[in-house]
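Order as written gives the chain letters A, B, C and D; numbering starts at 1 within each chain.
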Amino acid sequence: MTEAALRDAFQRVRRQTAELAAPLAIEDYVVRSMPDAQPAKWHLGHTSWYFETFVLAAPGVLGREGVGASPIEPEYREIFGVPDAGVEVRHDRGALSRPTVAEVFDYRRRVDDAMSALLEGEVPEDVRERVVIGLHHEQQHQERLLADLKHLFSRNPLHPAYRETSGRPRGGAPPPLRFVSFAGGTRSVGAAGTGFAYDNERPRHERLIAPFQLGSRLITNGEYREFMEEGGYRERSLWLADGWAARAAGGWEAPLHWIRQGDGFAEFTLAGLMPLRPAAPVVHVSHFEADAFARWREARLPAEFEWESAAADQRVSGRFLEDGHLQPEPAPAAAHHGASGPVQLFGDVWEWTASAYLPYPGFRPSGLFGQSTGRSMSGRMVLRGGSCLTPASYVRASYRHVLRPDARWQATGIRIARDG
Amino acid sequence: MTEAALRDAFQRVRRQTAELAAPLAIEDYVVRSMPDAQPAKWHLGHTSWYFETFVLAAPGVLGREGVGASPIEPEYREIFGVPDAGVEVRHDRGALSRPTVAEVFDYRRRVDDAMSALLEGEVPEDVRERVVIGLHHEQQHQERLLADLKHLFSRNPLHPAYRETSGRPRGGAPPPLRFVSFAGGTRSVGAAGTGFAYDNERPRHERLIAPFQLGSRLITNGEYREFMEEGGYRERSLWLADGWAARAAGGWEAPLHWIRQGDGFAEFTLAGLMPLRPAAPVVHVSHFEADAFARWREARLPAEFEWESAAADQRVSGRFLEDGHLQPEPAPAAAHHGASGPVQLFGDVWEWTASAYLPYPGFRPSGLFGQSTGRSMSGRMVLRGGSCLTPASYVRASYRHVLRPDARWQATGIRIARDG
Amino acid sequence: MTEAALRDAFQRVRRQTAELAAPLAIEDYVVRSMPDAQPAKWHLGHTSWYFETFVLAAPGVLGREGVGASPIEPEYREIFGVPDAGVEVRHDRGALSRPTVAEVFDYRRRVDDAMSALLEGEVPEDVRERVVIGLHHEQQHQERLLADLKHLFSRNPLHPAYRETSGRPRGGAPPPLRFVSFAGGTRSVGAAGTGFAYDNERPRHERLIAPFQLGSRLITNGEYREFMEEGGYRERSLWLADGWAARAAGGWEAPLHWIRQGDGFAEFTLAGLMPLRPAAPVVHVSHFEADAFARWREARLPAEFEWESAAADQRVSGRFLEDGHLQPEPAPAAAHHGASGPVQLFGDVWEWTASAYLPYPGFRPSGLFGQSTGRSMSGRMVLRGGSCLTPASYVRASYRHVLRPDARWQATGIRIARDG
Amino acid sequence: MTEAALRDAFQRVRRQTAELAAPLAIEDYVVRSMPDAQPAKWHLGHTSWYFETFVLAAPGVLGREGVGASPIEPEYREIFGVPDAGVEVRHDRGALSRPTVAEVFDYRRRVDDAMSALLEGEVPEDVRERVVIGLHHEQQHQERLLADLKHLFSRNPLHPAYRETSGRPRGGAPPPLRFVSFAGGTRSVGAAGTGFAYDNERPRHERLIAPFQLGSRLITNGEYREFMEEGGYRERSLWLADGWAARAAGGWEAPLHWIRQGDGFAEFTLAGLMPLRPAAPVVHVSHFEADAFARWREARLPAEFEWESAAADQRVSGRFLEDGHLQPEPAPAAAHHGASGPVQLFGDVWEWTASAYLPYPGFRPSGLFGQSTGRSMSGRMVLRGGSCLTPASYVRASYRHVLRPDARWQATGIRIARDG
């Protein structure tokens, strides 16, 4: 990436965060609705803290007299830092009224000023790497900001809307679900080349894959309702033991954000309460629900490497955050005729895989995030492909998203697979 | 109370609530730091909901076409109502970003307008009673608003201040602690006359009281530190069994809001972090700590009727909310010489008694609050006298404040007693 | 008590414990079904540990060479001792397979041998007092042993019986419930004279009591079912707030040990599952249920001093442990005609009062148990009168039994009262 | 397996269970020390319930008049059955005093009698399969019985011993730890042939494995103490995030069953408290501890297929249950010289792998246990090789043992690996 391109990217990503926050009332920045979520102002402060801590204040970057030597707001370290960076967090992030939103934006502006000054000059290679990681890190928080807000608003009896979705919902009846066959053999997986990738996508290595089939599109709300109507949530034998327990503990009877209305369901969206669209992909299901659905369909979830080898040849294109719909859309009409491969691999919803999140052979934690990507390699499952809340430039075929199997508040959905 | 006096009181109390909220940033209205506390905007909305529900919308008050017939904001009922009024609360009050603060103030203004219109006319006796109860109810929430904010700010690493305290801290060395003797005999306790009192202060009745002695003033921080330094928090035999368990569960080693600094302590106050003043009354202790302290002093806490019979002859005067200090102050110099009775009975800190909160003989729940005062008559202790956060006109000698014995976030302190 | 009488009492009480244990299988001694309960072998060991610790090993009792100097089983101190005696208990009493039952009985025998030798000689006054307390202590554990076993067996799908009850169930239709009036005035309450009483029954002192009425007999199962059928468990306004929460948390829909069978109920008893007898007193209700029932009947529970002043003139006589029924029995026929005072004050079921457990004016903890009776004076309610599981010689009019208001596993029932 | 061999196996396995129970006091059968464990009598009853339910009572096995048609003890179904077989368990297995131990043995005997009668005749193939699975099932419970007892005894202040270990502890200083290199390539893994294997070991399939190295022997207590002394339990960066949390929640500072004594440690064993032997393999560590230890050694845990391909050529031989030591033993002297491959792969301790427990490609749940092996495929890690508590005939190179990563009460230890 050239220095000009880096400057551009920095401005663009930082501006996108601010634009995502624009529809919020001050009150919306302050609270969160569960420990897994963070208040919006924390996302804004934390992504700035990143650049201050790992770039501006990094040893040797700005020298003795630089910003790094005299922290912008020393007390923000405890508030916006994380334990992986050695920060001890003793407060409840969801119960902090200060710093105010204005103060957080002011902090953000000062970090941006210092960063802009830095990026004007000659930037050493290792510093550029840190900036690039910081931008990916911020994009990740853009998606989480929206998922956290959606959860927050969904719990409010007033059912507030974040904003009207732009554009018109596309698509009518979904194309029929087919299975697309893939040959087995040795496949190279993991990040190739020198473009940006997290350490957990490396090293690129070979996997032996048996012939398999992949669903031609995502599972729809309509298909998921069939599962529900045939007793899917009450049939113990369809569920993993931990899933059965999570279902009971959470009182699950439908995907998160489905609200029973008369005989049917409405769906809470970032545009408020909406009728459920049968043709649209089901979203806000846990791994456990995806797995039970697949078993009910006499199928299974794809392994992450099956997914990756199927996606490797496709262009990274789909309904991402920039589309502005903020909800998954029905499979495109193109899929009705002609499209030989699976559609919707990228965008719409993160696709649960059958793969536990584990290190690749020869994995070496590296960079600023090495520690934290490696430390979560227990008890989590891999998802692939990005969602309607994901910035388009954030995703690639080798990207591994990671969640606990009972997580439901992010835009997670289902593609099924079976042996070839 | 004349109608003019009622109008005046309504304006005054409602204005005082708004004035207490004035120093807040919008963010401060939204969050709370524990389930026992409420966000400031809830206090504002709830006290307005009271007047809407029990006055404006009460059957027969405003007639068919009145405000009562078409609710001001129907959706606010779930948000600002309480289970005792039949409202089912399914959300987390500390995780509601909407309605916004501006919307809550707008709701408040509309209720005030309707109330003012109502109070301009002739007001039936039963409606006046409801208004009077509503004003006492609002004063109670004024105190809670400050206690809840103090707890919220105390958990914030930035240690924000609510506002500078007005006036100068008074007092130097506290007068020596003496015991004032009271003769035993039959005493009438409970609310006398026709002035306002809650149903739990009635009926006035007779109690047989043995001779007793009451500490001449409140226990100070300095005295409480002696207890700590002599191992008070580590000596099991000083504590009630439930207190010993609460101490362990909460990790108590000092009163709430004391923060160790070097060899000593600072105290978090509504004016921010302050040096601990040895002469000032100790505050933010639980019943369990007060009880253990008293036992360590070879004394005990007073029964509520001992306190009331001692206070019955005194004028209701002391350091209340209107003083603006918002912290308890050392016993007045007058207490050094001459003052024959106990001082500081009113104001400064709520005084824990040895009395469980139980109904008086012949108690009949009455009025709008009958139900809720009566329903909490289990597992709680009585406190007396009001605090530096209590509006002066809220308290009387017969007033019974009620908290669970492990509560520490309100302005609660210690006066000791012994058998006469 | 003469020395011979003391020897007799010692033999009799210790033998009674062994007789109560006789029907048990070895397995029944080992487990418990909740933390409030203890395994039977713990009751056996603990009551023996008492005599070893507070009598045999007490300083000066047996001299340098006595048993006290070389403990019988040093390792049993941690197993059978209690925190109030300075013992740190780090294990789960319900998960100890050793010492075996035979070892516990052996320990018991060795303590008995040493005690018998001691009691043969001249026994100093203070040692005699300790022995007497120890016997009352053991009687208390006799009742708890049965209550704990009943709870244990009730949770077993096999519904085992402890033993057939002896004698035949008495009584048919209960006499109608009347209210017996008592004049108000000053009454002396608390333990009188020099007979044994716990420190919490002293000092005897005067109370001012308003005229009141007491139910002529205990509330029956039949009457309690009416309360249930009229929605007593679903009507929030009948319940204390803490009671409403306890009801929800425990899923209460009937007294403990009632088991729905078809349209009706069976009752689990120490003789196994039995048909519910409408005429028999309701048993295994919490304070919260008793209080809600009383409110439903437009009555209240009696204050402990009302109960005591009513019981003071009666002989301590009723259905106690020695009767062998182990279930409360319908009010005696005598109550139909003639009996002017309330019946069933003693025996059958412990009667919940409206009184919190608090110290009497001038209370001084004393004796070995002073500490522990005083330390539990928070969060508990007083019950009076003894039950069908209480040894007859354990109870007196001034005896204060104490339980948390949500406790249901002991033989607790209801007598209602109202203002006179 | 011939019918005679099956009869023999049945007698031998059932007898071995009884022999393992022989040293127990009746009290030892009844309790358990945590929810993951079961009382000994439950293991005895449950393994018998298996044969009754899946063999004797299976449709068509014994015909209309057979045992299967009239259950041996209908009420035992709820007590000894499991939810996977459709049994609703509403009681606490650790709080059942009945059925008595004698009754459980009697039940066992009646099942054995019926089984013996059945096995005397001609046994259809599918019934034989069920018997074989039942025997493996029972062997699994033999190991768990001992692990559960060890945990139970370890929590008892009396530190009881299960029995003296037979034989003499072998071995002195452990041979130095080397790394044994294995070439990469495609390896067939999973159960081969027609011998018994669980469904989760199938289908046999190919894996692509990179060159790797395996520790030549198990990690010893001495090596683990170095990790502890260098602060292993306090260094956050060594731990998986979930492990760090489990460590804090459990207060882990050493392996389970290590007891600090002066400067060193004793180890609780089935023979009671013993000095810690530095040369013996460390045991009773969680996956999280094994993983942190490996990271501290700049190594990692082996993948399950690395382990399996290394073990595939070895004879299944090592220190198993039948040895009678019941503790892992130091690596054999043979390992000092000559042994080219890794030693201690079988027996001594289960070896934690880096592999999450997931289905093999093409996995089909089958047999009686298909359901339950498949349902636990979430949140668990694979262990390999068997332990000193495992019956020798229970283990094979393809056998996958499965535990949650925080489990420590079974005989689990560490072998490290690294990239080749």
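We adopt the following convention: a residue touches a chain if its C-beta (ideal position, glycine included) is under 8 Å from a C-beta of that chain, and two chains touch if they have at least 3 such contacts.
What you see is a predicted model; the values in this text were computed from it and never measured.
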{"item": "Intersection of contact partners for chain A and chain D", "value": "none"}
{"item": "Steps in the shortest chain-to-chain touch route ending at chain C and beginning at chain A", "value": "2"}
{"item": "Counterpart interface for A-D, drawn from B-C, C-D or A-B and sharing over half of its contact pairs", "value": "B-C"}
{"item": "Distance from chain B to chain A - Cα centre to Cα centre, in angstrom", "value": "47"}
{"item": "Whole-Å gap separating chain B and chain D, where each centre is the average of the chain's CA atoms", "value": "60"}
{"item": "Distance between the centres, which are taken as Cα means, of chain C and chain B, whole angstrom", "value": "39"}
{"item": "Sites on chain B at which at least two other chains make contact", "value": "none"}
{"item": "Touching chain combinations (by label order)", "value": "A-B, A-D, B-C, C-D"}
{"item": "Chain C partner contacts - residues on chain D that touch it in the complex", "value": "25-33, 75, 78-79, 90-92, 94-101, 152-153, 155-158, 160"}
{"item": "Touch list for chain B against partner chain C, complex", "value": "83, 186, 205-208, 210, 236-237, 239-244, 287-288, 303, 354-356, 358-359, 361-362, 371, 375-379, 405, 419"}
